[in-house]
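The two complexes that follow have chain A in common; it is paired with chain B in the first and with chain C in the second.
Right after this comes the complex of A and B.
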């Protein structure tokens, strides 16, 4: 204690700072950085959990390159991204744009759109799975049948299954995006709109020349966040296609589900780790694109 | 477009509204009606989930939303089975402890990085920031191996340990501690408080809104977490609600009304929390979304 008392104020501060940080630094080291390194190392090894770990060099990555299932999964993952992001971006912007102009029961409308965000993905995946069942079980087909339209195969069709699985994911995330968009819209000073009104500019010009350019940071934020979300889609796919996860015929299988299957059903740890490195790389590229788009010019 | 970068949304603005209180013209009324219809569609899945959980088996496949003879029979059946009870309890315990840990450590680290000047500060800052780039999915295999060798599989600790601190929460808190004036801290120091007391009694009360927002996010995140609990748990008694529900739905003889009941049990608590703290949660979403 005398040692501590002899320190200067600045030195005491350093002691306190590191005392506060000791446990967290240990945590981030052991639970975040060390496992990241381990994942990369394992991706260069062959290991089935029981036997020895043997070095495999680039074999796992070569296997991945030649694996038709991986390319199918790769296409699926980007299909989720390339359909999900624009659709949810457009829907949430249109909703936010119009909601922003209304005051009558504004909070109530906002609540309706936000409520799905508070649900659990697993629970709602099962609800949607029920909706998609054929007559006489599923809600959608029952509704179609009651107005005399032919049934639609949702989850059993190789072409319809992926959008069908994507729909609840878009649905659940929409409310969050609407709120963020509304915050962005509110941040635009009314003086711009007033100036436009004085100049007698039409709403389309106001939208494309004032609103959208000023919303750029918000749009980039939402695009990146939803892109990362769709690239990591798992809960919905796993629960809506459980009898044959990722099916039919891998038509809905995303990268994270392939990782899960390879690691915890196939126990092929090296191969699964290589897939996680690929996922990491994709997500890193998306984040770097965000930084590039948001750079101050 | 330099202007675009200077305009940043604020949390407070989203809760205020512009324009007239009541729709004045036809255009506004149509806009309101369309948005209302869209909003009703948005809550339909939730409404059908709850409505089906209140229906007798013979009525389940009817498309009517309001049950003809509402019953709590499904809830009695699902809860008497006992497993949901257990999973619910597990989820509550795990989400609560994880939330407490995040509130404590994320704010402590955020405070330290914000208010202290010490060698290594930038390195710690950048190191924690960089963990935002590492996806959970990359870590589950090493975490599983770690849990296996330390005997953490199938335990509360095993489910919880990866989420006890988050970089997201740390940066959220750091942002908010920026708004605490250094003078307050300096004054407390002159009054003879030690650094731990200053953090806890001076700085923490000033960032309560941020703490509450963080608490909601961490709780919701852990309540709905699926991938890691699915991997780390083996025995039915250790499942969390999402993992249990997923397995429950897979049992072939389980009827849809019972699955909907399970889904409702796992969803209703968060919906109730939302309906009570609505304004507050929406402000939190904006704060976290834009500052974190």
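Right after this comes the complex of A and C.
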């Protein structure tokens, strides 16, 4: 006790700070960092979950480099990212921009956009699967048939499947992004717009010179968040292609699904861990680039 | 440069009427200050002149041209906002240039105009800075610069000094006044601060509850307030109001003395006397009271007295003020007495 009493106020504050930090630090250490470290270690080993771990050196990474499926999956993952992020960003901005100006049924519309975000991805994926079925079951093909357009194989075609899986994923995240965008739009003082009105500039100038630059922090936030989301896409793909996860012919398979497959169907933990490390590295690089862009102002 | 006329201008939001038909003629180059407590309709009036609020009734004309239905940009006005509305992501120069975006000026002309305005406002070496690197007063000047650059017929200022600290406010007050003398444009300036109104205006428009109470020069509104509201709103501390009755040229002050007054009106009145005019030992004596509180201000001391008619404030000398508890007889020159109708609060002629 005397030891504590002899500390300066500053030192006492530090002691208390660490006392309160201890639990989260411990939690993060055990639940986050320890498994992450282990995953990195395992990526240099061979292990089938039951047997002994044996060192494999860079063998797992070499295998990955030479695996055509990995490159296919790698391209898919970036397709999800590079189509999903801009499309969802654009859609959510356009919706938020107009919803912000709308007074009539504002709350109700906002709720409609937010609803999918609260819905379980599994339920949603299954509903969309039904939408995508052929005549006479699927909603979209029935609509097409009623106006005399040929059927579209949404989930069974190697070219259509990825966008078809991506669409509900974009839709599901839209509500959240709209809310964030609206908060960002509301934070811009109205006097900025009034000043522009008095200066007589057009709406396009107002949008590009005032609204968008002032929304930059919001945009970066949404881009980072949705990029991470699309790079880690799994549940939508898995549930919409359950008969043949990631199919047809790996056309929709993202990296996380490949990791899952390698680990829990192939029981090749070392190889799965190597894929995890690659995914981790990609996420890290993408996030760092985006953070750099945020700070550059 | 131009004159500005408001004719029976009114504004309502749904059922609520916030402006009850106001009339005002502003001459070319005049500095007009709208002053009043919050909610009196002064900012609404300004925003209607700017074209940021719809006109519910009446007419606004600038330079003889009715502008009710014109877009703000076509009204030949510029506005300085309370929060300055300068864009944080643009340099000072870009902010000022923003005011010229819609003009047909050639690029070199624009550059020259920006340089000229920067010169007038003493900001030439700040042009490349971002607003975050500027002090409050400098930001204020950028906002004024953006308004000036278009050389509008009428400048509108919406409480532009209320975000500044006291010292800077005094300084900017002077700068705006000097600027007005230099460029000579018509200015409409909205404030809730009567000191700003008194010091800057050519004429003051005092508003309350959507009505104009009085329009006049600072001298007129101070020395001849039209209503009790104006008397108490202009000047600090505010005018003492004593209930009194006037009969046959004799004014009987409730709780005070009786004095002879050459006045024809009869009946219940309110007697207004400014603390500055109320002095110990002055003739005629109006009321007697005990000093309860003193506020020394240096050159003089404000004394708060308890009288049979309630609290009365007077200004006493700073060197030899009465002591707490002293009983003082207060009087004032006859010229300094203001009589108002007791019910309507309107000045008796």
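Basically, the second predicted complex is superposed on the first by the 270 of 297 C-alpha atoms of A that agree within 3 Å, B and C clash if a C-alpha of one lies under 4 Å from a C-alpha of the other, contacts with A are read in each partner's own complex, and residues count from 1 in each chain.
Following the convention adopted for this analysis, a residue touches a chain if its C-beta (ideal position, glycine included) is under 8 Å from a C-beta of that chain, and two chains touch if they have at least 3 such contacts.
Here the structure is a predicted model, which is why all the values come from computation and not from measurement.
Trainee: Output check: A:124 vs chain B and chain C. Expected answer is one of first, second, both, neither. What do you get?
Mentor: first
Trainee: Is A:73 touching anything from chain B or chain C once the two structures are fitted on A? First, second, both or neither.
Mentor: Neither: A:73 stays clear of chain B and chain C.
Trainee: After the superposition on A, what does A:89 contact: first (chain B), second (chain C), both or neither?
Mentor: A:89 contacts neither chain B nor chain C.
Trainee: So, does A:14 touch the first partner chain B, the second partner chain C, both, or neither?
Mentor: After superposing on A, A:14 lies in contact with chain B but is clear of chain C.
Trainee: So in the superposed three-chain picture, is A:81 touching just chain B, just chain C, both, or none of them (first/second/both/neither)?
Mentor: Neither chain B nor chain C is touched by A:81.
Trainee: Between chain B (first) and chain C (second), which, if any, makes contact with A:162: first, second, both or neither?
Mentor: neither
Trainee: Have a look at where A:213 lands relative to chain B and chain C in the superposition and call it first, second, both or neither.
Mentor: A:213 sits against chain B and chain C alike.
Trainee: I want to verify the contact counts: of chain B and chain C, which reaches more residues of chain A?
Mentor: B
Trainee: Considering only touches as defined above, state whether A:223 meets chain B (first), chain C (second), both or neither.
Mentor: Once the two structures are laid over each other on A, A:223 reaches no partner at all.
Trainee: So, A:194: does it touch chain B (first), chain C (second), both, or neither?
Mentor: Once the two structures are laid over each other on A, A:194 reaches chain C alone.
Trainee: What part of chain A is shared between its chain B contacts and its chain C contacts?
Mentor: 189, 213-214, 216, 297
Trainee: In their shared complex, at which residues does chain A touch chain C?
Mentor: Residues of chain A touching chain C: 189, 191-192, 194-202, 205, 209-210, 213-214, 216, 297.
Trainee: Under the touch definition given earlier, write down the residues of chain A that touch chain B in their complex.
Mentor: 13-14, 16-18, 20-21, 23-25, 27-28, 31-36, 38-39, 42, 95, 98-107, 109-116, 118-124, 126-131, 136-137, 139, 142-143, 146, 168, 171, 174-176, 179-180, 182-184, 186-190, 213-218, 221, 225, 232, 234-235, 238-239, 242-243, 256, 259-260, 263-264, 269, 272-273, 276-277, 279-280, 283-284, 287, 294, 296-297
Trainee: Under the touch definition given earlier, write down the residues of chain C that touch chain A in their complex.
Mentor: Within the complex, chain C contacts chain A at residues 50-52, 71-74, 77-79, 81-83, 85, 87-90, 98-99, 101-102, 146, 150.
Trainee: Within their complex, state which residues of chain B touch chain A.
Mentor: 1-5, 7-11, 13-14, 16-23, 28, 31-32, 34-36, 38-40, 42-43, 45-46, 48-49, 52, 61, 63, 105, 108-109, 111-112, 116-121, 124, 127-128, 131, 133-135, 137-146, 161-162, 164-165, 170, 194-196, 199, 220, 223-224, 226-227, 230-231, 241-243, 245-246, 249-250, 256, 259-260, 262-264, 266-267, 270-271, 273-275, 278-279, 282, 285-286, 289-290
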